[in-house]
Structures are given as C-alpha cells and as structure tokens.
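Both complexes below contain chain A, partnered by chain B and then by chain C.
Then we have the complex of A and B:
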C-alpha cells in the first residue's frame, strides 16, 4: 500500500511538486536564517571575548561597578603575586593582563607645535606573550608597518592614521592622567596601523604594550583587567560559571579592591543578548511551522476537496476513515521528508558559500558601538540543519492532519455521493 | 427456496430538512436472492440511489430492517461495515471514478491492496479481472487514455477483482453510447452467469432495464412494481 500511495503522490504534481517546493523554500530560508543568526551570535561572542570581556575577567569590585566606563584608576596595582596564584589555581584557563584607557593624542608639526589633537581609546596588551597578541588577531589586523618591538612604540587605527595624515615612525604624544589623577604625557612612535574590522575600535583606537601603559598611567605591576580564555577558545557558559563561582567564593570579599571574577554573560548585556538570540531562533522556527503549516493546510484542504471523490471511492471499497486519514499523514510526512532534505541540501550549499565568503556587514555596523565583526560568516553546523528540517516535517504533518479532519466530518454516503459530482 | 442475499422489511429513510424531513424511502419490503441480475428503476428522487447506499452499507436506514449478506446493516459498526464492503461488495459508478494518476492495472489492484492480498495472488486476480472485461492490453494505460466504454470496463474489473458476492451499479451506462452500453451489459451478464455474483442496478435507462431478470420500480420511495421476467 505504501508504494501505491507513493506512486500516486509522485505522479500527482499538485500533491507532490508544489508542496515539496513550499517546504523546500521554507526549510532553505529557515536553515539559512538559523545559520546566519548563529554565525552572528558567535561573531558577537568572539569579538566581545577578544576585545572587551574575555571568556572570564578578573577586576576589582570598584571597577566592576563602573565596568562600562573602563575606570583604570580603580584597577589593580602590584598584583604580580596574586596573578601568579590565580594562574596556579586555574591552570586550564589562559590568563592575560590588559589595561584600557582613554587619552588625548597630540600630533605635532615639524616644529613640535600641536598640529592636531583627538581622543583615543587605548588598549594595552602584553606584547611579550604571543597568545595575548594572537587573542586580538593583531597580525591579521595589521595594515601597515609592524607590531611594536621596543618600548614607546604603538599601533594606531588605520582610520585615524589616514584621517590625521600621519606617517609611520612619526612621533605622537599621549596626554592623560595617572592612576592617582596626576597629569601624564608620553611620546610614542607609530610602528604600524591596524584595522580590526570592528568599527567601535577602528574609529580611534591605539594598541600599546602593557609595560608602556603601566609607566604612562603609573600602574606598576598592575592591570585594569585580567582576561581569561577557555582552552578551546570556544565560550562554554556552564564551565565559565563554575569557575567564576569557585574563584569568587575563594577570593572575593567586601573590599572595593578585592578581585571579582565576571563571566562573558555578566558583561555588555551579553547574557541577555544570547538569551534573546536563542529566543529569536526559537521564534523563527515556530513562525516557520505556523506559516508553512497554514500554507500546507490550505493546499491540503484544496487537495482534499479535490480528492473527496477518491476518498469516497476508497471508503466504498472498504477502506476505513482513520486508515485513509493515516495515509494522508504519511503523504504529508513523505512530502515533509523530501522537501526538508532538498531544502536542507540547498541551504547547506548557500550556508557553505557564506561560511567561506561571509557577508559584509560593516555598512550596517559602522555607526554602532556593538562588538560585531564587519564580515559575518554563517555557522555551518549539523544542529542548524536539523533545526530547519524539524519544522519542515512538523508543518507538513500538521497541515495534513488539519486538512484531513474533513474526512471525519463528512458522512461516508456524502463522500460517496461526491464521486458523482 | 433460493437464499436471500438482501432482506428488506418495512424500510424507511428520512433525510432531515428545514421543513421536517424528506422521506426518501418508505415501507419498503424486498428480498433479493443470490445470483440475481436485477434493477431498481424509477424517476429521479424515487430513492434508487438511497436504497443502493443502504444496501452497500454506506448509509443507514431510519426505520425498518435490512439484512445484507446475513448482517443487519444498522448493527454494524464502522469497522464491520468497512470489512463487509472490502470483502463482499463491489461498486460500479456512472462516471467510472477511476483514479487518474494510476494505471488500469493499479486501479483494479487497489481493492486487493486494501485486503492485504499477497503480490502474486494479486497479480493473478487482476489479470483475470482484466481478462473478463477484455482489456488486458490496456493494463498500462492511464484512465485519460481510455474510451468511455473501456473506462467502464475497468470499473467493472475493479468491482469484480475481489470476487464479491454482491455488485451495486449506479447508472453504469449513463455516460456510454448505445454500442458500449450493450457491450458492458453483456459483460456483466456473462460475469453474473459465470460466477453467480448478484448484480443490483439503479437505472432509468431502458437498455439496462431490458437486460434485467427482475425490475423493481420505486416511486416516491415506495415500491410501485416488482416484475420478474420469465425466461430470462
């Protein structure tokens, strides 16, 4: 009987081709949207972790309270011994110190007078640690020149560098304030320029060695934040929360300068964003099921009306209503499987393309402070394909179930009568 | 005395309408013996199709009693009436009602698939049925490739393939020309003689009536005449 039903289904294009086409298109769109949103989420997590949050971060209690202001004057000083201890306590995490600071950059003319001035956002990392350099993909981000090798060298954002019409190896002066509020200024040589692909950083960022920043800001042996990264480089909230609880239970107390560990999801509303994105993914799936379900229900209803004669005939031959109904569901399932597989296969092709080439999202993010890469790559994962296939199957079965209810609502003799109409 | 395949006593069927109901059948008594080749005749609305539906267990009476193949129709549940139809009753329709996406062979095969008959037996039965109606050569054709007469032959083969005891034919020649009508009637009469299958026709076609051994005339749901032709 299955082969019989399948033959009928394949030969009747209005029952197979068009529904399959609808499911294919729906699954393709869903699979792609899920892969895109998942890629977007991962990009956001990755960028935030690299530049702003780490997978984990240790800051002082006082700093944590004003985290968004990056108040380095509330950071750590002379914490080499403590840092050593934290590394020993959590050897699976890779730790690195950073200082974020703001300053005024003064560009002198040939005679040493101020030519231009502008605000800059400074990020100081440990250039002696190759991992710290690779964390922010510095080599890939380098546009001109080289990574600083000696004290007093900095990298400038390419955008700012071009805007101020600077030259490599020229000197600029940073003016700021020390940890204690005293005025501080220091000359730096521009060793190169960078573009991270994050507009928030590329607008006016500088990257310097942490020892230079410590000297400039009078923070000996200090850091404003200690970043921690999980060994595989992929954020795992469960693992991170466990480490955070352990650390805070051991080291955190009421003191303003007591160390406090924060997870990525505790910062920049990332926890909310991730939950929101997860919810949005679920919503897309549900909406897809509803839309395609309604379309297929409609198609099924029209088909059922067209097929009442056939149903009447089959009932007259001794087939039972529930048997007929079950076969309608099997037909729906077959369409769902076929459409979903084709949709998923096509979707995989499209996802694969954008997984390699990506979307240039820079034009949409250039005026925002969101930590998102300019190029978003779709996330090619089996999980995303399955998420698209499941609603494809559910919607076709649901559509068939709804459409087939008419069989039970119609009297057998009435269906039989419709054979003649 | 010949065994009755269908026993009808004081049968009535009332269809509910806004004005209190339409009585399609009333006080009907009828015995149809095994092997009969008989017709229910009468004008439109006389109750022929309603009676055929009740005999075919597709509908229930609202009064009286009817026994088909030893089963009281109103006591059968959906499963039992479906089983009775599947095994023992065949239907032939005015407009053939062949499923257009299937071949002639597959259309005839359908009733046997519902009976879950093994493939080899199924093949033999289908070929035999097609042979009866003389369209073996058309077994791979689709219904839209057949003439009206051929289509009705397939419909007869489909009704006969499971070797039913009773065949109900509702206006089987209404869409056929004279020559095809006679061919079809000859075929059914031959099957009736060869297999002893009971045929009940609902018709007002004189050509069909001429072929009947017995003609029951219905008028306004009541039996007006019951003519048994001698020498048929």
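Then we have the complex of A and C:
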C-alpha cells in the first residue's frame, strides 16, 4: 500500500513537490542545528574538562567553598601518599595534579628595575607526565619556542608576550603569595609562547611545571586540584557520579582540608548548561514539528479542496471515511519519509563539511568567560540524523491528520448531488 | 556670695568652652599624636589564616607620612625583603631574585604578606585633618573609655577610603576604633587600636588589629615593640639604593 501511495504521489507532482520541499528544508535545518548544538556542547565539555574541571576533580572542602576563585592557599600540601592511594583506589581513572594561581609578572630593565608589568594567570601541570601535557594540547598550542625542559622555564601567552614586546629566553620575575600568604618572588625564563583558544588563558596565561609552582607558592608535594579523566576521554555523567559517591563516602569528612570529589557537572554551572542544552534541543524539535505541521496542515487543506471531487467520488463508491482518512495519513507519511530522507542526506553533507572544516567561533567567544573552543565542529552521529528525521515524519503525519478531519464532515447523502454539479 | 556666683559662672564658661571643641580640633590633635616628623619602629605582624598563624617582624623608618622604608627581619623566608614608599611610588626588593619591583595599579589593592592590609593601606597614611572633613556625632563609651565619634568624608577622590567612622579617646586624643568605607558606602575594613601608651609627650596605640571585612578570618594584629619619634634618620634610608644594600 505504501509503495502504491508513493507512486501516486510521485506521479501527481502537485500533491508531493511542495510538501516534500518543506519537509526536506525543515529536516535539513533541524539535523544541522542538532548536530551543531551537540558539537558545541561536546566542545564545551571537552574544553572545560581540559582546562578547568577535569571529568572529576579532587579539592579540599575549603577550596570547594570558593571554587570559582581558585584559592590555591586552601589547596593540598604534602599529599603524595594520599594521591598514591587515590590512584590505587580508582585505577581506571587517569589522575594528574594541577595548581592554578594568580601573580604579577614583572619584566626587568638592564639594571633589574621594573620595565613592564602585567597580571598573569598561572596553570601548573606535571611536565614529566606526557598525558598531562597532551591533556591541554600543549604541542598544538605552542606558537613559538619550545615546551619547558628545565626548572625555571615557563610558557607565556602569545598575546601578552607580544604586548610586552618580550623575546624568547628572556627572564621575567613572578611576584605572588605563598600558600601562607607570604610574598613570593621567582625568576623564570620564557621558553615559548602559547595560544590555547581559551580567552582567559590567551589574555595573560602562563604554563609552568608543577614542581616550579610548588616551590614558588610554598606548596611542597601539593596541588590546588587533582584532575581525573575517564579512560575513553569521553564524559559519562553516570559513571562519574558513581565514582564521586564512592570517593566522598570513603574520604570526605567535615575538616576544612579533607578531600572532596567533584564531578564536571558540579562545576562552572556545567550541570545546568548541559541540562539547558538538552532542553534547547528538545525545544527545537517541538518548534520544528509545530511549524512544519501547521504549514503541511495548510497544504493539506488546499489539497483537500483541489481533491474535493476525488474524495467525494471515492466516498460515493463506498469507500469508508476512516479508510480515506488513513489513506491521507499514509500519503503524509510517504511525503515525510521522502522529504526526511532527502533532508537528512543533504544535512549529512553539510554536517560532514563542518565536521571537517568547523566554524570559527572565536569572534563570538572573544569577550566571554565561557570555555568553548574557537573552532566548533558539528557532531557527526547517527542519532543526530535520527533526531532530525523524527520531527520530519511526525509533522507530516500531524499535518495530514489535521487536514483530513474535513473528510468526516462530508455528508454522504449529498455526494451524488455534489457530483452532478 | 558674689564670689561664689563668679566661680560658678567661670566654671560654666569653661564647661562651655570644653564642650565647644570642634571636630576639626579633635582631628588635629589626633594627627599630632599619631604623626611625627620621623619615626623608627620595630614591630610584629601576626597574620591568622585558615591554615596557620604566622608572625613577621619588621624594622621601619618613616619621614612624615609620605616617605617610609621597611625591612622584614623574620621569618627566614621573608627576611631581607624590603619596601620603600616615596609619595605615590612603592618598591619592593626581594633578595632571592635580587629584583626591585615597583608596585602599582591593581597590585596596590593586593594583600601584604597575606595580611588584612593592602599595599594601598601603606600608601594611604594621611593627616586626617588635611584629607577629611569631619562631623562630630554623639559620644560613645568604647573599651571603657569615653570617646568622641567622628564621621569623616574625604575632601578629594584619590583616597583609598572615602569615608571613615572614628572613635577618639576623649582624654588621650588617640583613635581607638576606625571603620573604613568605600565610596559606595560599603564597609571595607575596621581597625581596633589598643595598648595606648605615653611615649615622650604623646599618647600612642601600640597594638592595632586590622580586619578586612570582605575576608573571613580573625584579622591581622600589628604589635609595635619599640617606637622612637622625631629622631635623626639619614636620608640614604629613603633611597632606592638602600633596597639592594
């Protein structure tokens, strides 16, 4: 029956062309939007995990209270044994220590007096761990120079480096506070410059080795945060919540400096953002269904007027109203399938293009604090195609159902009289 | 009888004169007690944080309110760190890096050695009578002392604190308590001054507890172990060359 209906539709272009065109356009837009938003969401999760949240994070209770301020003075010290234990307890998770800190960078003149100054945001990672280096895509972010190889070397943001007109291998002094609030000074050599595509870091960031930061901030064997990453590198909230509960039940107590595990969704409003994005995707689907449904309803009504005679004749010949109504729905479904397939195929092509080349979103994220990659790639997943096709089918069926109601208003007794005219 | 009436009248007149002391006069006398041509002091700063309590020792030399030089003498990590203030400029010297660093801009608002004091607080030592317009409020008993309450408004925009509320000991004319406010009216800091001691001809508080009201914690206690007023201090103490010595 379906093929028979489809054949009829294809032969009568006036019945199929316009509705198929609408469904195709709608599915194309929806598939693309879903793939884009999904890509955006994944980019946000990836970028936050790399630079700010990890998939999991262990901090002290006191640090967690002021998490957004990154108060390293409330971080861990002398926790090598504990860190070892946590690694043994959760071997599937890859753990790495980080220290985030703020400091004043002072550039000296030939006599050692202040020439230039700038506020910097420091991120200390374990350079001896290749995974920790690749976590933040350091090699890709390197603009000039080299990754630090010795103590006392740092990477500086390319933006600040240019602004202060510095040279590679020049010495700068960092002025900050130790964990105990004492003044701390340390000379560093700039071994290279970086640009991560993360505004906060690119504006005035430095990357240093964790041991250097520990010495500078008087945090022996410590870290402000311990990042944890799931084995496949893809965030899975269910798995993370399970690990978090297990860890906190075992190690967390009321002490200010007791370790506390946080999930990615507990930080930076990421939980809300992910829920909001999910809601937005649902909303797009519903809006699409409503709009296309209304357009197709209207097209169906026009079609009914054009096919008034045909329906009358078929009813007069004894075809039941329900059968005719179902027929229209199957016609709608056929249009939906055809339009959705064409729309999905075209959408697939567009998604594929942006999956490879991406969108340069840097212009929009330049002045925001949101951690999103500058280039957003559309998400090439089958589920996104299906999510786009479903509203294509639902809207055509809905449109046909609404338009077909008129069939039940036809008065059978008057049909022959109508046919005479 | 006439004689008694004269005495009563005279007493009333004196009482009237005593009550008529103006806010500006109180402030001027406070300035006279708190400021000197030169000072040399040794002091301890006790900083309490959530993690630990630290005590730092300093030797400081000052000429008026505009010029000051301090050297940290303990603990070991801070020993040899020096600070020089000349009018609106502030320099720090660190022996481990052998660097002289000028502190300016945003950095002035940062905490000094994790204390409740900012660099700006060091820069903002002013003669109150010159910098603020004072209004006398209702008297108060504070720390078992009768006090004047003065409300101060900055005469210019360039002060760190545009308003102050200050309790002044009526008898010794030294401040015992201060509240420091931002332009918005937000209370930023409080100071509790105690151990008021007579040194030479002036009363001076030897202990001050600073509390940054925007921070949690117990505050920072400054204890002056020794202070000398109006002594001769060689000019080279207040030069940048002194920092590297």
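Here is the rule we go by: the second predicted complex is superposed on the first by the 407 of 421 C-alpha atoms of A that agree within 3 Å, B and C clash if a C-alpha of one lies under 4 Å from a C-alpha of the other, contacts with A are read in each partner's own complex, and residues count from 1 in each chain.
Keep in mind that, in the parts below, a contact is a pair of C-beta atoms (placed from the backbone, for glycine too) under 8 Å apart; a residue touches a chain by one contact, two chains touch by 3 or more.
Fair warning: this is a prediction, and the values are worked out from it, not measured in the lab.
Once the two complexes are overlaid on the shared chain, A:182 sits against chain C while remaining clear of chain B. Of the two partner chains placed by superposition, A:128 touches none, neither chain B nor chain C. In the superposition on chain A, contact of A:4 is made with chain B only, not with chain C. In the overlay built on the shared chain, the residue A:117 is in contact with chain C alone; chain B does not reach it.
After overlaying the two complexes on the shared chain, residue contacts for A:85 are found with neither chain B nor chain C. With both structures placed on the common chain, the touch criterion links A:104 to chain C but leaves chain B unconnected. Shared interface residues of chain A (contacting chain B in one complex, chain C in the other): none. Against chain A, in their complex, chain C makes its touches with residues 47, 49-52, 54, 56, 77-78, 81, 92, 94, 96-102, 104-107, 110-115. Within the complex formed with chain C, the residues of chain A that make contact are 62, 73-74, 104, 106, 108, 112-114, 117, 119, 173, 175, 177-183, 185-187, 218, 256-257.
Taken in their complex, chain A has these residues touching chain B: 1, 4, 7-8, 11-12, 309-310, 312-321, 411-413, 416-417, 419-420.
Chain contact summary for the complex, chain B toward chain A: residues 49, 53, 56, 58-59, 78-79, 82-87, 89, 91, 93-95, 97, 99, 101-102, 106, 109-111, 113-116, 170.
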